[in-house]
Structure formats: C-alpha cells, structure tokens
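I've put the structures underneath this note.
The same chain A turns up in both complexes below, where it pairs with chain B and then with chain C.
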Partner chain A sequence: MSSLPTIPMKKNALMRFSEWLTVSRFVIIACALLCLWLVFVPLASLLYVAFAEDTPEGPGAFTFDNFINAYTVDHLWNLVENSVIFAIGSSALTLVVGVAIAWVVERTDAPGRSIFHGLSLIAFAIPGLIIAMAWALTLSPNIGWGNDVLKSMFGLTEAPFDIFTMGGMIWVLSSHYFPLAYLLMGPAFRVLDIRMEEAAVVSGAKNWQVTRRVTMPLLKPALLSTLLLIFVRAIESFEVPLLLGQPSGINVFTTEIRDAIAEAPPEFGYSSALGLTLLAICIIGVYFYRRATRHAEAYATITGKGYMPTPLRLGVWRWPVTIMTGLVFVLALGLPLFTLVWQSFYFKTVPNVDLIKDFTLESYVYILEYPVFLSGLKNSAMLGAMSATIVVFLGFVMAWIVQRTRMKYAWTLDAIAFIPIAIPSVIIGASILFAYLILPIPVYNTIWILLIAYVTMYLPYGMRFASGGMIQIHKELEEVAEVSGATLMQTFRRVLMPLMSPVLMAAWLYIFVMGVRELTASLFLAGPTTQVLGTISLTLWEEGGSFGNVAAISVIQIVPLVMIVGLMRYMENKVSKRG
Partner chain B sequence: MFKSYAKNAAFALLGAGAMTLAVGSAPSFAADPSWMDKGLLAKAKKEGGNLVVYGSMNEREALPLWKIFDKVTGLKTVYVRASDVKLMARISVERRAKKPGWDILQTTAVHKLPKKWVAQYEPPLAKEIPAIAKDPNKRWYGVYANYNGLAYNSDKVKKADLPKTYDDFLKHPEWKGRIAIDKGDNEWVKAVFDHYGAKKGEKLLRAIKSKLQVKVTRGHGALARNTASGEHLISLNNYINLSIRTKLKGNPIDWWVMDPVAVFYGQVGISSAAGNPSAARLGANYLVSKEGQTQLAKSGRIPTRTDVTPNPANVLDIINKRKIIPVIMSGKEDKKWNKKFKKIFGKGPKKRKKRRKK
Partner chain C sequence: MLTIEALEKTFITRDGSTVAAVGGVSLELDTGNLLTLLGPSGCGKTTTLRSVAGLEKPDAGRIIIDGTIVFDAAQNINVPANRRGIGMVFQSYAIWPHMSVFENVAFPMRVSQDQKYTNGEIEKMVARALEMVRLEGYEKRSSTQLSGGQQQRLALARGLVREPKLLLLDEPLSNLDAKLREQMRFELKRLQLELDITTLYVTHDQGEALALSNEIAVMNSGHVIQRGAPYDIYHKPITEFVAGFVGSTNFLRGFVESAVAGDGMGTVATPHGIIRCLFSKNASLKDDIIIVIRPEDVVLSDKAPAEGGNHFEGKITNRIFLGEVIDYLIEAGDEEIRVRANPECDFEIGAMVNITLPPDKCVGLAEAGEIAA
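Entry: the complex of A and B
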C-alpha cells in the first residue's frame, strides 16, 4: 500500500514529459544530441587510442609509449618545421593575392569583376588533388611542359622551376586557396565605408597614409581572421604535401599520420599521438580566429547605414589592373586546367602544335570503362547530396535553437558545431575509423561511415550559412505566425523555410561541392565497394595509371563541378538581391 | 527423301539450340578447364556463390582474369585492388574490427601475414609449381614471379651506356637526381648484400645513393610510368614484369638485369576466416593453373609454371643468365631489411630524422 502514492507521481512525471516532448522539441533534442555524438565520439576515440597499447586485436593497456614514439625530438621537430613553414608560407601568399583580388573586385571599377568572382568559385570547386596533379605535370623539373617551354624560350639548360620543393608546395596551395581568401575578404571590402577614407583624404592624408592609418586598421580584424583560417586549412591540407612534398622527402603531419595508418601493421597509437599535436595547433589557430572574428563583428556595425559603396575610379589603370588580375587567374587556374585538358587527349606530356593530329579519346574510354569509376562517381554524388541535406537541416535547426530560443546554454550548440573546423580531415578520418572499429555499430566498410565523417566535417559550414541567413529574418514574422495559431512545425515549414530557401540552397550546393571533392577522410574510410572519386583518382596516380588516365578522370570531375558553381552563382545573386 | 533431310535438319537445329542453351546457362557442361572441381563449385554455390579477392594486381589485368573464372563457374568475384602495403593494412584493420572481408589474398606479401590468419590448403594443381615458389607449410603458392631488374627511359638513355655492374653506376654522375627506387625494395637490398657480402654491399649502395642522389618513391607501377615518362631516367630496381607491361603499351621504357637478380613471388593465399572457403579454394586452383597463368602472361607477368610461355618468350633466357637470389622474408625479417633500406636510402616519402643535426 505504501508504494501506491508513487505510481501517480511517476505517471504524472511521464505525462508531463510526454506533453512537453512535442515533435518539434524531439527534433531539436535529437539534432543537438546528434551533433554532440558526431563531434565528441571521434575525439574520445582519438584520445583513447593515443593512450592505449597498439595490439593487432585492438587497443590494449594504458600506455605513454605512443607519445614517446611520436615525440622523438628530431622527428617531431622535422614535422613541425615542415608543417609550420608550409602553413605560414601558404597563408601569407594566399592572403596577399586574395586581398588584392578582393580589392579589385569589391572596391574598384576594373572591368570583368564579375568574371573574376565566378572564376574564384570555380577555383574553389576544383579538388586540391587534381590541382596538385596538374602542377606536377606542368612544373616538374624533368617532364613539366612549363619548364620545357621556358628552357627553350630562354635557352636554359636547367629547369627554372621545381614544383617538388617547399616553394612549389606553397605556390600550389596558395594558387588553390587564394580564391577562398578573396571570398572571405570580399565582404569586408564591400562593407568598408569609403567615406572614412574620403574624410582622411580631405584632411590632407596621402594615399599611403590613408591605407596605413584608415583602411588597414578597418580591415585588420577581417585580415587576421582570414589569415588564421587559411593557416588552419593549410596546416591540415593533405593532397599538396602528398603529391609534391613526399617525392622529395618533405613530410608534414597529415602525410605522416596517413602513412602510419597505411603501414602494415597500422600504427594507430602513434598516429593518434601525432594527431593530437596537430589538433592542438589547429585549436590554437581557431581560438585566435574566433577572437579575431568577434572583433570583426564589432567593426561590422559600420555597415548598418544602408549605403552603396562607391567604387574607386581607376581611370587609365582600369584595364592594366584587369589584365594583371586576369593573369593571376591564368596562372593559377588556366595553366593547370590547360595541362589536364591537354593531357587527357594526348599521350605526350609536352603540348606541341605538331602533336595535334595525335588527338585521342582513349584515356576517356579507359576511365569510363574503369571498373570502379562509375560506382565511385555514384558514391561521391550520393555522399555529397546526403551530407549536404543532413548538414543543412542540422544547421538550420541548430541556428534556430541558438538564435530564437531562450535556452540558457543554447550558445554551446553553436560552439560545438564549430569544433570540427579545428579538426583536420586526416584526424576526422582516422578517429572515426578508430571509433567505429571499437563501437558495436556496424558501419565499417559501408557508405554510412563516410557519411558520418562528411557530416562531421561540414557541420560548421552548415551552421554558418544557416546562422547568417536567420539573422536576416526578423523574429516578428515567426511571432505573427505563432499568434495566428501556427504550430512550430508550420512556422518552420511555411515561414522560415521559404524565406531561407535561397541561403539553404546555396549552403547545400557549397557542401555538395565539398563532399564530391573530398579525399582525405575518405582515404581512411572507403571500403572495397565504397570508393569515391578522390580515392580512385589518387589510386590511379599512386599506382601507376597513365598521366592521360589521371587527367581524364580529373576533367570528368571538373566539368559537373563547374556547372554546379554556375548554379551557386545564380543562388548567390538571388540571395544578394533579397538582401 | 526430302522429309528425312528436313527431319534431320530439324533435329540438328534442335540439338544446336539445346547445346547453345546448355553452354550459355551452365558453362561447366563444356570441356572443363583443368582447374575445375565440380564438387567444390557446388559447395561454393551453396555458400552464396561469391568470392572476395584482395589483390595488388592492376584491375586491367586482374578483372579479365577473374571474368574468365566467373564465366566458367557462374560465381561472382569481387576484386579489391590496392598496393601490398595498403592491403596488409586493410587486413589488419579488418582483423581488429573482427570483420575479415577477404577470401583470397593475391599479392607478394601473403607470407608476411601472421600464420593463423592464412589457411593451410594445397590446390590440386599446385604440384605443378616449383618447390621454390611455394610454401612448404601450404599457406601460399606463387602465381607469377617478381624478378627484380633495372629499367631505363629508352628515349633518353642509350643502351650502350647502361652499367654492367652496380659499381658502374658510379661512373655516371650525369644521372645525379634522375635515378629512383621504390621505398619498399628491401628484398633487393637483401639480395645485393647476399651477393656482395654485407660490408661491400652496404658500402656500394651507400655510394650509389650519395653520389647519384637516388630518389626514393612510392609505388612500383608509378615508378615504371615515371621512368617511361622521363621523370626518372633509370629505375635502380623495379619488378621486371611492370617494366615489360609498360613497354608492351608502347612506352619508351626497357629493362635489363645485372647480378644479382632478386626474385620473389606474387602469391595466392586463402583466409582462415574466409566467408566463401570453397570458392576461395577453387579460385586458388585457378590461379596456379595453366589457363590462369597463360592469361596473366599476356600482359607481361612471368609465370611460375614452367609449362607456360612468358611474354616476351625470351625473358627467362635473359634473366637466367644472371645470378638469381630468391628472397622470401618473414614479417620479422621484412622489418629488419626495411630498416636497412631506410638506413641506406633514407626514409624517402616517409619519416626523415636528424636533418637538423648539422
């Protein structure tokens, strides 16, 4: 009898809970839990494996051996040295070129600015692996056609460029990333109030003084945040060091981690210990990035004046500036693309007019008949589409929780969703592999383990897009819907979704492109039947496929990506018109 | 008279039709190949009718090979291709996950796997394989021979200039930075040590490395391609069959041999945890059969069977003039000679220590 009173209490609690747990709340909680799972499970497995003895049957007893092994002073120093030089060099060069392009496109009246913007998007969409392959074929000291041309033009006996050097690596990564720097810096230039510079000029300041004392301080936060983000992206980059650094013995953290896991037997503990070092470097970078971005937002209040910036009139310099900018794109994008297209139709590595008659489609036929190509294409497209859909949905829901609910710790969701930006793809791939080898979740060797990795990696981008879009929409609209009796789902479906659809669509396309070009994490996770385009291309390169085949598979990937970029541009225009 | 002709013709047509149907639907009714074991095939079909092969052979060679097998047996083969090292890593990872995915491993490193991972089985046709090319403990059988030789870009290097001994390399400073070797060629290093003696062998290789700045690369297939393209002038060592294959495709590459010639084998082994054990046994028998090896010889693989003619036919005549050293290393020996390789040639694409000590 004494237990009777507790029954109605339990029932009430359960009832209260079931009343509280509406479909919408359930979705919100599920999304939040999913994010926590995605971010913390790989990190936990990385830590666990780093401190566990490496045995053929799995992680063993607690040990520090992996760290002792990995942190041999000389060895670690060599990796740190190469990684940091590569990252600093690449981020500095990327920033200089990216800022110059941003200035031309956003602040001047140089002709062709819209084309440069489109070309930047195309450059962003092309996989890093393909760019690295193209540069190896262009500026190899022995077979690069670029070197051959220069040698014959200037009567040189030695090749003037060697792409398999630290300098070559820095150039290739910068030529691939500068459009990203431009895309990041563009908005900062766009919102920069020219009246401040005009005021300085009126007050008698010279041009260099205006630049140093007005423009640069205003741009400083954006510059700093772009620099840090590019630094993190550079230190975690994998394809360029793999293809251009390793042949001449230049190893960085990412290539070392991959090698350790591709060894027989795989050195999981060692690679985890190294991975933690790389992660620490990236976290420091992202911490400062977040700080810099916070300042940037403060500066962005300058924008709330509703004005149209007047472009700087270049006068006689209009065309020279356009030509110079065009040359940058010809060098950074045109040369590698030309190399790939040529190589895909010809067997000879050096383009020559006399060889035009040797045109052949054999490489394309080979690729189309290549046994895993079609399944790889399907896997990449599916993974791109699935990850984009999930990330956009998660980003949308979480951005809503963060911005619209009064939950006390809602901001932590934003922070959690941002964590993967600090985790290099190589670590995401390796740690997800470790995690799902330990956990009794049967995803190993399936497409689902790749999907988990992709969603984790792109979560921050989905969140950024959705947050940015939601800020534009005033809460009043949702309140009106609520007052009119709409449920939360109806408000989502009929008010928020239609208004945010251009932003969400742009986010979807952006993430789809990143998914299709993904390589690094997939290298650890792709199984016999789940190869993706990136892993197939790399296998062709590493295992002795002909250069023609490698070029053909690259061109086949680039064409649809360029078309998607066209679609992105269209969505971008739609969003900006609405804004 | 006409009626009887018509009747005979009708029977003949029916017979032809029936034969066509029989051949089409159940190819085993045709003259069975030497490797066929109908009892094993029936079991394989009961087990699901699948076969998973992990192999390091290029798909262009491996897929036609397994297509013949599938056509004759009606089984479905999934071929997973990667380099030796990557396959070994994958197998180790799968072992950790307790999800072994392979039935047959067809690579040069079967003997390096832990013994309990590989089943002991002797395919009936393995008796035709010479004793040197098979494991006395019945865990692996040689499918093709990987003779190690040198290769050169035939557009850029004159045949007359080719060294006759490894010492001759030191007379060619003009090749500095243009000679390459794969990072996994520890078998070759062992053969050189065996031939010259440890002290002299090491001194010689170190001299070649330092004077000619030999590049250490990754992937034997890529090494053959890059030598043919002119990225490297000479492969200090590569698998002769890969050089032949690249040459057969019309590329400017040729090969030659000097003392010693290291040889090891592309082997077949069956997983002790095979999901399709009967299909695996049948597949292993196919790989050591005359038919299987004849197919492989078309693309330049050098067969282990003596009754299969290699392509080109004189390849063994050339090789056999040299001192041949078979190298079959255990996992432990493999590690030891890997270290030795790295000590002499540097870590190449892998770790580089002590660069800062200067």
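Entry: the complex of A and C
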C-alpha cells in the first residue's frame, strides 16, 4: 500500500468550492435560481400589494382595507356565482363533447378519424380572443349574420340567438375547449387494454355492465383530471367573459380584476385581494387535479408486446357516427372560421350579397397599413420565439436535475415549476406589473417585462415536455457515456440532446404558438411601443370600426398558426415512430 | 488489481428513512480473474459495482483500481466515472439509438480527454473490438436494427474498445432468452480468457455465476456472506442462505451428537437417526445443526444397504420426469426431501424407498452465524 499515490494536501474552503463549481454545475444552479425567482417574485408582490394601502406613490402601510373593500362589495356574491356557473357549465359541456369524440376517434372504426384529430389541433391553435370575436360576429342579436339568416328564413321578428348571455359564453368557451378535452382523453382511451373489457365479457358481463364496472372505473382518473383542468382553465379564462359577458353586465373574477387595474386611479390593492381568492380556487382545483393524476401510472394498462387495440365495429352506424362528429366540428370550428374569412373579404353579410362585385381586399390593406400592426407582429413573433427558447432550455435543465441528480429535495423544483399552471394569466399579468413597479429593475414598458411573464406562464409546459421526454430515455444511456470517458457537457451534447431533440422541438413549437396567441397577461404589461398581436386585435375590436378589419387581422394570425400546428403534428409522429 | 475496502453506502428514501445498501464490503480481485457478485435483488451487488464504476458515491471505504485510489472517503478522494478508464456493460445494454454501430463503439475515443485519436486509429480500434465480439461488417448498420444478442455484443465491444484495465458487467445476460443466454455465456468465457481481462461481474443467476467465475462472492443484505471458488460455494456452503440461494437444497435439522474439532466428520442426531456429515467449523455437543445436501447427491434404493449408516426410509409423494433426470418428492417423517435421480432409478408414486445420504456430501451448518468472518 505504501506505493499508492496519496493526496495529503489540505485544501481551503474557497479552493474546494471553485473546484466543485464547474461550468455545468454553475448553469444548473443558475437555472434553478431563475426558476425560483420567476415563480416567487410575482406571488410575493401579489401578497404584498394585497395587504398594502394604495397610495399614488405605490403600496403604502399595512392594511386589511383591500380585503374589506373586496369582500364587502355587494356584487361579490354575483361575481362568485357567475364565475362558478360559467366554469362548471363549460367544463361539463366540454367534457361530454370531448369524451364522445375521443371514443369515436380511439375506439371505433368510424371513417375520417385522423381528420378529427387534425381538426382538434387546429382548434387549439386559434386564439381565444378570435373565437370570441367570431361568435359575436355570427350570433350577436344586432350584427350576427347567423341571426339574420335565421330571421329571414323563418320570418322571425326577433333574433333567435343571443351570444351575450351566460349560455352563449358557455357555448363559445366549450366550442374552443372541447378539442382540448379530446386531446387529454384520447391517450386514456388509447391505452385502455381491450382485453380487460374482453375479460369482463368472458366472465359473463353484459355490455352496460362492462362499461359501468370496467371501462368507467379505468377511465375515472383521466375523466376527473380532464374535468378539473378544464374547470381551472374556464375559471381563469378572460377573453370570452370580456367580449361576451361584460357587454351585458355579466362579470367574472378575471374581468373584475382587469377593470380595477385599468381604472384611474388604479385599485391595485383591491384587485390583488380579489386575485388571491381566484388564485385559491385555482390552487384547489390544481391540487385535486394532481391528486387525480398521481396514481395515473397504476392505471396505465399498456401491456407491451402483442397489444393490438381492436376498434369497435360500428357496422351500419359507421357513417352516421362520422357525420354526427363532423357536425360538431362544423358547428364549433367551421362556423366561426367561415365567419372570419367571409367578413375579411365582404362587408355585407350572407343574404343578398354578390360574390364577385362585393369582394374586397380593403380590410387587409387597412391592417397592413395599421400603424402598430407590423411592430406588434414582430413583438409577438420575438416574444414567442424567445420565451419558447428559454422555457425549453430551463425545462430541459430542471428535468435533468429532478430526474438525474441525487440532489436532496430536487423534486421540489418540479413542484415549483408546476405552480404557474395554477396562476391565472390575469394574475400573472397583474402581479408582474406590481413586482416590477416596486423593484428597481427597469423593465416596465419594455418587451422584457412581457418576456418575464411569458416565461413564467409557460414554465410548466416546458417542464412537462422535457420530463416526459427524459423519462423515456433510460438512465443507463447516459451512464455508459460517462463510464466511456465523456464529461457532463459531452454527454448532454452527444447523447441526451440528440435523443431528446424531437421532444424539445415539439415543446418549442407548442410554446411558440401559445406565446403568439397570448392576450391576457400582455394586456397588463404591453406599453405603447410593445403592443402584441393580441392587444392590437382587442384594440381594433374595442374601437368598433369595421368588423372586416377585425376579421382580417384574425385570418392573418390563424393561417401561420395552423401551419405551425401542422408541423407539430409531423414532429409528434416522428417521436412516436421512434419509440 | 481491484481492491475494495470496507465499502458502505446508505440510501435515503423519499420518506426520509435510510436503507443500508452496502454495509462494509471488502473484496480483492487479482489481475486476469473474474469475480462474480451473486445475490438476490437488493443485496447490494449492483451498488457495489456502480461504486467501483464511479456512478455511485459510497459513504465510507476505499476503492483502488490498478494501484490508483479512485475513491477514499477518509481522504475525500472521488475520481469521477469518466476518469476511471473502465469498461462497463449495462443490463439494458444502453446502446445509443441515434448512432450507428460504428459510432457507438467509437464514442469512448471521440470523447477522450487524455488522448486524441486520429480517425485512422479510431477505425482500427473499432474494427478490432467488433471483430472480438464477432460483429465485423456491421459498422454502418443503425444500432436499432440489431437483434438482442447483437446489441449485447455491441455493448461489450464498446466496453472493450479502449482495452480497459477493468471490465464491469451488470447482469449482462438477463435480458436475453434462455438459448441466447447459454450461447453468450460461452462467448463471455472465451473473451475473458482470450483477453485475460480483469472482470467484476454482477448477477442473480447462480448458473451464470458458477459457469463463468474464477471466484464467487455471495452477497445478502449488503454483506458478503461467502467467498470462494464455484465448486466450494456449491458443495461447501457455510450458511443456510448460501446453500439455499445457490442451487436447490435439502435441509435436515438436528443437533451435534459428537463434538468436532476443526474441519472434519461429525455426527448429528436427527429424527431420521444419526447422520454423519462434514463440518466446516468447530461445533460443540448439542449445538443446533442444519444438514445441507443437494438433491442430486441423495441415493435411492429398494432395500437398505448392507453396511454403513446415513440411511432411512421414505415414501414417494410425487415425481416429475425431466428427460435426463427424474425429480422425486419424498416424505420422510415430518420432512420432505427432494431427490434428483438418474432415470434408471425408477419408482412409482406411493412406493417406499430407502434414502441414503453419502456422508461426504452432507454439510453440517451451525444455525447461527450468517456473516462470514
């Protein structure tokens, strides 16, 4: 043993620290700290402002007045009632339609199933604001062409539909969200091993018994989690209540918070106090969502080799089922899209129009010459690209920390990065506004404050994509690289990144699309020179000039977004083929 | 070549409780030998192997590879895995699906820190490694097009390409089907002999361990229970655990009837009478004893042998014909004895037979004492 090389030299703490702090470790720590900052600073400022007096100089002394103001408002009960009815109504309708379509697409032999899948992705790409505007243009009692057509067809004196009602709001939000419910439920139907149902049949169960005792219990976690997720997204939705609820006095939490901040002088404290309630509701919803999905693996019934999903043979019902499903898409997706395209080319509505003589490109010319349109387009594209890049990078690094290092409490990073999913965009926008009005960081009225908001909001999505991708990659693939002599960076570059690139690309595109669609948070944070497509579209709508202009700017946004979604679908296919 | 001293590793589970995966393991492995760590899952064998690789940081102990301390808890030395210069084959093979066969094998040279390789050198080394595992001509194939057995060879080629001082194999055959496994066993033995490469092998399969090793270390709950040549591990187990884990065994209970000093024959009183057997350790009068005997060592006959003891009667309760042998279950008193016999030794269910236990095949174990000194 005496010949062994020994290292008796004592090292001081600083030397040991600098040795320990390699480039990769530095990057990892920096990412974790950035993530903590992004999530906790807005929440802290929200709390702070909620308990501080509103003064012209900013938040003042400690007070409970904001809560007293907010919770003694006589219409508070009304606010809660509206929000909850709206959220429950739309999540229920969304779930029913979404589940029906998931069943048709995944479990039957109805023709055209892949078309429905593609249409659902397209529906996801269309901004909520545009959907709300399209429905207003279709079924408004005054200007809706749909009502006009029905009136002249049936000789009615009054418009048969009014979109500016609670029912209208629920319908519009559901028409926007049901593809999401389908996309969430689809995998659950897909992995449901048909042999479990067959085993029930062989054991003597009748069809309805199989459904009640086997299929439904197996689908329960997926159903519950989808319902909760849509509930949360409905209660935090802003565009539909803003465009369709407020005109007829139907206020919900999100619109009330926005109004309080848009007022002069702004009531920051009051809106924060309301925001905390909304946040609490969302956190409870997300908590139950996480609980419902916690044991999801236990229900994953993919059985590896030899698993062949056998679709239910519909026989003579094949075409009727397809037509019914198609009709849902025509009504919910086709109608608003048709309205937008039509209105962007024609000023007159459907009855009594000359297809050739009345055709005009005036609306498009107007939009292209609209003073802030091009800068808004540039801002949106840049914000989408930058936030997607940062979020994907952060998600990748943090998923790696959580899954691959043995660091104590690494899993808390996962939980922290997931928090923003429970924070409504309205609150993200408001609290980031407060935070950077208070903090001496000069980002107010710049594009950077928008970037901070976008990155915060999309962090959970980046994390989910990255962890999902990383779980599929066996840890030994990296370990063998390490044993072969590769450094951490070489392992990242040569092994992990190439293996994960399709997933990371898909994540990037997904987040880019969300960034370009963004309206709610931007509304609080966009300054005169930092308008984005969403805020410009809303301004055009609120100016109330020509609906053709609104339609034209919508079409201009929809076309590239739909193309990107097509690209995403292509990437997804590549990923699943490799698996 | 490889020295492991007093290695300890404790894992902390998510709920905060600690699990001692390795509790003070010391091993030595000479150049050119193959040492197998054999044990049930969770016995600490893989943690020991991964500590040697540098993929796991032990809490205490020392690891020396070829005269270099790669880990020493006391001196705070921990050479990272990418600096230990070892070859390793994983249970899942860990073949990179985005690289060709050639690139998989070339990887260790491509990422080398100490030495830069020219393309010509890399090509030569890869070609030789692939030839060793009989995969020549597959260079351009995508690694995902290989069969399970070929992927296994590829993983081996990648582990061997730098001609490491030490090769670590983590259950390399467990993902292959029975026939391929048998074939790869011979292949591994051939390679190990040809290259004379020092190898640490981890498996839970006693057949593999017996077939491949120069030496076996049987592990259980973080400790090495017995070390020895395959023959000794099989025929002279020192604890009930080793006897039960390596091959199937009969256990007969009794107590010492005549004291034994050192290794040697002694007699044990059992419900079946006095049985003479081998002792590996001192045993004093009246000590509780378990007699261990392998099913294939038991002799069956119609009548009691004319002379010598160590025999008693039993009744055949079941028999299974396996081709080259017949397995019998025999009821003798309160105990059930398994016997593996030659097919010529043919008895019907229900028949009374005479059971003889050859004294030199019976091993007497003291019931206490799980851990080897």
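Keep this in mind: the second predicted complex is superposed on the first by the 553 of 579 C-alpha atoms of A that agree within 3 Å, B and C clash if a C-alpha of one lies under 4 Å from a C-alpha of the other, contacts with A are read in each partner's own complex, and residues count from 1 in each chain.
What we mean here is this: a residue touches a chain if its C-beta (ideal position, glycine included) is under 8 Å from a C-beta of that chain, and two chains touch if they have at least 3 such contacts.
Since the model is a prediction, treat every value here as computed from it, not as a measurement.
Chemist: Could you tell me whether chain B and chain C fit or clash when both sit on chain A in the superposition?
Modeler: By the criteria stated at the top, chain C and chain B fit after superposition, with no clash.
Chemist: With the two complexes overlaid on chain A, check the angle at chain A between chain B and chain C, Cα centres, nearest 10°.
Modeler: 160
Chemist: Could you say whether A:Met324 touches chain B, chain C, both of them, or neither, answering first, second, both or neither?
Modeler: Neither partner.
Chemist: Report for A:Val495: first if it touches chain B alone, second if chain C alone, otherwise both or neither.
Modeler: So A:Val495 only meets chain C here.
Chemist: Look at A:Leu439 in the shared chain and tell me whether it touches chain B only, chain C only, both, or neither; answer first, second, both or neither.
Modeler: Touch status of A:Leu439: no partner.
Chemist: Touching A:Glu57, do we find chain B (first), chain C (second), both, or neither?
Modeler: first
Chemist: Should A:Glu476 be classified as contacting the first partner (chain B), the second (chain C), both, or neither?
Modeler: second
Chemist: Which of the two partners, first being chain B and second being chain C, lies in contact with A:Ser484: first, second, both, or neither?
Modeler: A:Ser484 sits against chain C, while chain B stays out of touch.
Chemist: In the superposed arrangement, does A:Thr72 touch chain B (first), chain C (second), both or neither?
Modeler: After superposing on A, A:Thr72 lies in contact with chain B but is clear of chain C.
Chemist: Among the partners chain B and chain C, which is in contact with a greater number of residues of chain A?
Modeler: B
Chemist: Once both structures are aligned on chain A, how many angstrom separate the closest C-alpha atoms of chain B and chain C?
Modeler: 45
Chemist: Chain A residues touched by both chain B and chain C?
Modeler: On chain A, the chain B and chain C contacts do not overlap at all.
Chemist: Which positions of chain B touch chain A when the two form their complex?
Modeler: 52, 58-59, 63, 78-89, 91-97, 99, 101, 109, 112, 114, 178, 215-225, 229-232, 242, 246, 249, 346-357
Chemist: Within the complex, which stretch of chain C touches chain A?
Modeler: Those in contact with chain A are residues 12, 14, 53-55, 64, 67-69, 75, 77, 80-88, 90-92, 94, 96-98, 107-108, 110-113, 155, 158, 162, 168.
Chemist: In their shared complex, at which residues does chain A touch chain B?
Modeler: My answer: residues 56-58, 72, 74-75, 77-78, 81, 140, 142-143, 246-249, 251, 255-256, 259, 261-266, 349, 370-372, 433, 437, 444-445, 527-529, 539, 541-547.
Chemist: Which residues of chain A touch chain C in their complex?
Modeler: 3-7, 408, 411, 474, 476-477, 479-487, 490, 494-495, 498-499, 578
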